[in-house]
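Once you've had a glance at the structure underneath, I'll fire off some questions.
For reference, chains read A, B, C, D and E in written order, and residue numbers begin at 1 within each chain.
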């Protein structure tokens, strides 16, 4: 998994049936300094996030382990939210 | 998933049986600025797209979740079309 | 999938049982200009190709969708041959 | 698998159910000189490690082979600890 | 699959149960010139190799196709040995 930030959402009318109820977000990857890495991915939300949230994203077939995404074409899934990212960042680089 | 653009199709006579009815397209990857990233992939179309369309592409085993591609050697599948890309792009970089 | 060219074959005496009847080829990746990309992969042939052929290569678990490779350790499989690559290349960059 | 070092842990309140009992660590990748490679990943611990430990990390669906992680969205799993890394490093570059 | 060379082994006391009988080797990747590419991976041996051997390594879920590794967390598996690498290299670059 990697840490990223939700920076947008994707709306599409023409899509496969299994994506009809999916919430699709653009997630920017973070590097090992917890700064934007200049890479993005479109991920399916499995927990209920919003734009601006810091999240944990899981790739590959693991993305279909949550029951919500088990039938979706999920190659990248938002699995968790990091609630206090500022504090997390300080602890992470604190010593 | 990533966002890309359909830039060509691939025709092949000699192929495995499971690809006989597959529509194969060359999709150019887009970077986080929604500009061409200089990378391409050959993807199987699961929804009905045309050259020039902006699309969402899913990789790995997730590419075989649509019923159309479930028996195909799909490691990269076109899952959705972004209909108004210009508007999407403006919203995405709007503020 | 990506487009590549078969540039050699690999012969091995000591190998796992499931590779005994496999034809193993070295395939050079092509970039988005359809030029050699300086990367290679060893792929299992599922259709019957020869050295010099232009091919479509599929990665991941999708490589085990053809019946021929379903029991093989196929992480990269040659799925189709592009018969008239010169014409394909011209069409692709034609306008 | 690759060799890395546990450099932090990730705490999250809002997450999918299957991650509730998971221990999530930030693991820094090591390069072929066994030095930090400037890349990280968030991995699920399958053996019981601590911050500072040198570990072996497995990716993809293989990350769900341990019984502990078989139902988790594990795309990256800590499978083993290298106990005497200093000695390992010396042997590895010893001759 | 890719071609590499076995350059070391990894010993670990604390590991998951499924790795207890696994032989773990450090394999250096080779580039398209059959020279060391400066990348390594820790791979599970499925055939019986030694340090210095030239090998074929398979990644992803394909790594669990051999019966020996079917229950192991194998994301990278040594599937074959190239016995006369010098001759192979000459043939490969011979004309």
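Please note the rule applied: a contact is a pair of C-beta atoms (placed from the backbone, for glycine too) under 8 Å apart; a residue touches a chain by one contact, two chains touch by 3 or more.
Keep in mind the model is a prediction, meaning the values are calculated, not measured.
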item: Fraction-based call for subunit D against subunit A, same above half, different below; value: different
item: Gap in Å, rounded to a whole number, between the CA centres of subunit C and subunit A; value: 33
item: Geometric centre distance via CA averages, subunit E-subunit C, whole Å; value: 20
item: Junction residues of subunit E - those touching two or more other chains; value: 59-61, 63
item: Direction subunit D, origin subunit A - full chain order round the ring; value: A, D, E, C, B
item: Of subunit D, residues touching subunit A in the complex; value: 8, 10-19, 24, 26, 28, 38-43, 59-61, 63-64, 71-76
item: Interfacial residue positions of subunit D with respect to subunit E in the complex; value: 1-3, 31-32, 46-48, 56, 58-63, 65-66, 68, 77, 79-83, 88, 91-92
